[in-house]
Amino acid sequence: MKNPKFAAFFRWLLSLFDVRKWEKKSRVIAVVLLSLFVVATALAFVKPSEQALMDSASEKIRAELQKDETRSRRQVAITYNDLYFINYASFSTAGVKGISEKYVGFAGSVHHADEGAWNVTGQFINYTYRMLGCGQSMLYGAKLTILLTTISIVCGLFIAIFLALGKISKNPLISLPCRAYIFFFRGTPLMIQIFCIYLAVPGIFEGFSWRSLFDSNDPEGVFKGAFVAACIAFVLNSAAYCAEIVRAAVESIDKGQYEAAKALGMSYGQTMSKIIIPQSARRMIPPVCNEFVMMIKDASLVFVIGLMDITTISKTISASGSYLVFIPALVIYLIITAFFTYVFGKIEKKFSVYE
Amino acid sequence: MSMIRTEHVSKKFGHLEVLKDVNLTVENGEVICIIGPSGAGKSTFLRSLNQLEVITGGKIFIENELFLHREHDRTVESIDKEKHKALMLEMGMVFQHFNLFPHKTVLENLMLAPMTVKGLSQAEVEPLARRLLEEVGLSEKADEYPSKLSGGQKQRVAIARALAMQPKIMLFDEPTSALDPELVGEVLNVMKKLAEEGMTMLCVTHEMGFAREVADRVVFMADGIIMEEGKPEEIFTNPQNDRTKQFLQSIL
Amino acid sequence: MKRKIIAMLLAAAMLCVSFVGCGSDDSKKDVSSAAAVQGSVDVSNVKLIKEGTLSVGMEIGYPPFEDKAENGDPIGYDVDLVYALADKMGLEVNIVDTAFDVIFAGIGTNYDCVVSAVTITDERRENCLFSEPYIDSYQAVVVKKGSDIKIESLKDLSGKSVALQDATTSKALLEDMIKTGTVTDCKMGPSEKVLTAFTALDNGEYDVVLCDSPVADTYITNYPDKYELAFLDKENVEQFGVAMAKNDVELQTAVNEAMKQLKEEGFFEENTAKWFA
């Protein structure tokens, strides 16, 4: 730990865990979260087991379940969500109309949830569970949205810095390709870019497929491959948008800063990395945050290549179930957006200490 | 030994000729004040010395070594890059608007260039930086950000920052013009002290009192050429050139 | 000079052709409006969105049922069926191209009925009326040519990655099979168009495509070097029907009557031979 900057960062990280230094508000939130966690853990011990939920099923369902053992296509679908302190189970029969039973287990008791408030509660739990991607594929739902947008904004911003500096450059050999890149990726729809990268790239390179990037025995490989393709498309796209943000921020820095750096003998690279980019960083944050929030919503475009984010999952559920599903979807989006807006606000504050 | 020598330096912005044939020699340890009406090309001349402006034609020598030779907006003689950089570092510059780095503390402002440009370690630079801050009377502000300082304090930090590169020549571009009148004194005092220590200084200034008291030589520039130069008392009490007379009358 | 003349002649020729094209279109319409007088099925009590016109919702992009000709006109098995039905009813045809996942929402507002390779299911029956089935279809599993994947029953989809079209019966079926545990560890990739699913299969992203057998047949016939049929689920037949608004019994009766007549005339054999040859 010789690097003093790293040490400072480490100290800052440690200071985050120093409760005495927290603001009062943060302390209250922490206490609330902690007590919720304790309550949830306590409830988890008295939660109804999967067996208890199965036992509440009616004779009819049990008969169907037994028949299923011998059928070539099973008829009864069991959804069982093992959320920490709430259980939700539903039996429904595929294809055959008529038999459908739902249960919500809460704090030790099992509620029949075919109608009324328990039904709504159960559905909300079940939908939320699916949209968050619990118990499902690694890349489903909220996980996909958060992962995809975070990767694309971080990598995109990194590329964007070079693109922006390239675009400002007086050398046409550098500035023209950068301009062309930005023009292309801002001027074409993201959906088609995703399509091209996912479908056309393997078509051009014979024998290459996105899936082949991963172990062929990996059952998730197909989604991981598609996710990589989607990531590349999103990174390339967000780089173009962020490049314009970076350019505007860099150009807003006073000319005197360049002169002072030059008079002190600093090279172009040193001037940019030590003087200009750190100062423009603060000015970039609000528009980048905006871009990020837009991208959280744009993430639903991955449905064109078979990936499912919150929007796609909620649409799928609503096609076979109820429109109520959109309410938890909205809430999840709001929570994600609120969280990242908060994080960006903190970063902005950190960058503006000198003002 | 002459620290700076310029021969036939000219500078055009499009069709506007800002500098026409400027010839000046600055000896080691000499303090020169450049005075003149606005638009005379004083700042442009100073800025062309360390390449903030690229001259259209003429030669610049630093410590008797050719630093730049351009004719018709083209560099005629190319100079070894390392040597060019080394000569460049002989000059420190102080700006009218300070141009401190707002995202760095005062101490970091001083240490940044020595560490990045000269590749020195923090341990090597910090004692020098602290000593310089003490000299300009701002040791207690080392960990403040520039936004917390007054104009005069900022300019003193800027001087210390330029000195941290240990230059042999200091260029001052109207260092007190952006300051409130009551803050001018503290900056001039620092400059005076620097002059007494034997630093070679080239100042563009409107502070006639300072020029008269500290300068070894006063240069009067107008319309892109040096109209008159000489000892301060000669220029101020007995100017030869009509333009000088006119200028001095208008400001005194 | 000569070139210019040739160019002008060409342009004139093209203009003529396009006019002739329009002309033939007109004549087509004339025929159908003439048929309006002689429509063999009585539609006087049927309420239509547009008087004298059968408006049909269709997702164009599911060959061979619905596809686009080079000039952009809709063609396909369903398109021919729609024109034949309308002819019997003495109506003109207006095809409304609609994405399949929202196609049922537009019945009664955007169009009178949906003819778009719609499988008759109990779930769909809850929300709309269906005509008599007009074609039988099976779930088909398509693999890449030369693939060593063996599918003996739908259960063998376990552990495979399956590409299919969103909002189709194939998807509903696979979802059910995953939910009920009929298949395990199966990765489903729904895409908006069936073409995307087949391209992804060709690129090696997915192991198999699950779709309706007529669609599978078309792709395999058109690209015999790319795809091959791995399995046809003969046990469970699916039937396509015309979907109408839940309360539109009059239209249902009319359509069924028209279908009966077409069946007697041998239209369906002809149409099948035309599109699935």
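In order of appearance the chains are A, B and C, and numbering begins at 1 in each one.
Convention: a contact is a pair of C-beta atoms (placed from the backbone, for glycine too) under 8 Å apart; a residue touches a chain by one contact, two chains touch by 3 or more.
In this text, all values refer to a predicted model and were calculated from it rather than measured experimentally.
Chain contact topology: the protein chains form an open path, each linked only to its neighbours in the line.
In this assembly, B is the chain whose CA centroid lies farthest from the centroid of subunit C. The pair of chains sharing the greatest count of C-beta contacts is A-C. Centres computed as Cα averages put subunit B at a distance of 81 Å from subunit C. Centre-to-centre, using mean CA coordinates, subunit A is 54 Å away from subunit B. Separating the CA-averaged centres of subunit A and subunit C is a span of 36 Å.
Multi-chain contact residues of subunit C (touching two or more other chains) are absent.
Shown for subunit A are the residues in touch with two or more other chains, of which there are none.
Within subunit B, contacts with two or more other chains are made by no residue at all. Residue ranges on subunit B touching subunit A, taken from their complex, read 50-52, 85, 88-89, 91-93, 95, 97, 99-104, 112-113, 116-117, 122, 145-147, 161-162, 165.
Per the touch definition, subunit A reaches subunit B in the complex via residues 4, 254, 256-257, 259-267, 270, 274-275, 278-279, 353-355. Partner subunit C is touched in their complex by these residues of subunit A: 68, 72-79, 94-97, 137, 195, 198-199, 202-203, 209-212, 219-223, 225-226, 303-308, 315-316, 319-320. Against subunit A, in their complex, subunit C makes its touches with residues 101, 121-123, 126, 153-155, 159, 161, 163, 166-167, 172, 175-177, 179-182, 185, 187-192, 196, 199-200, 202-207, 235-236.
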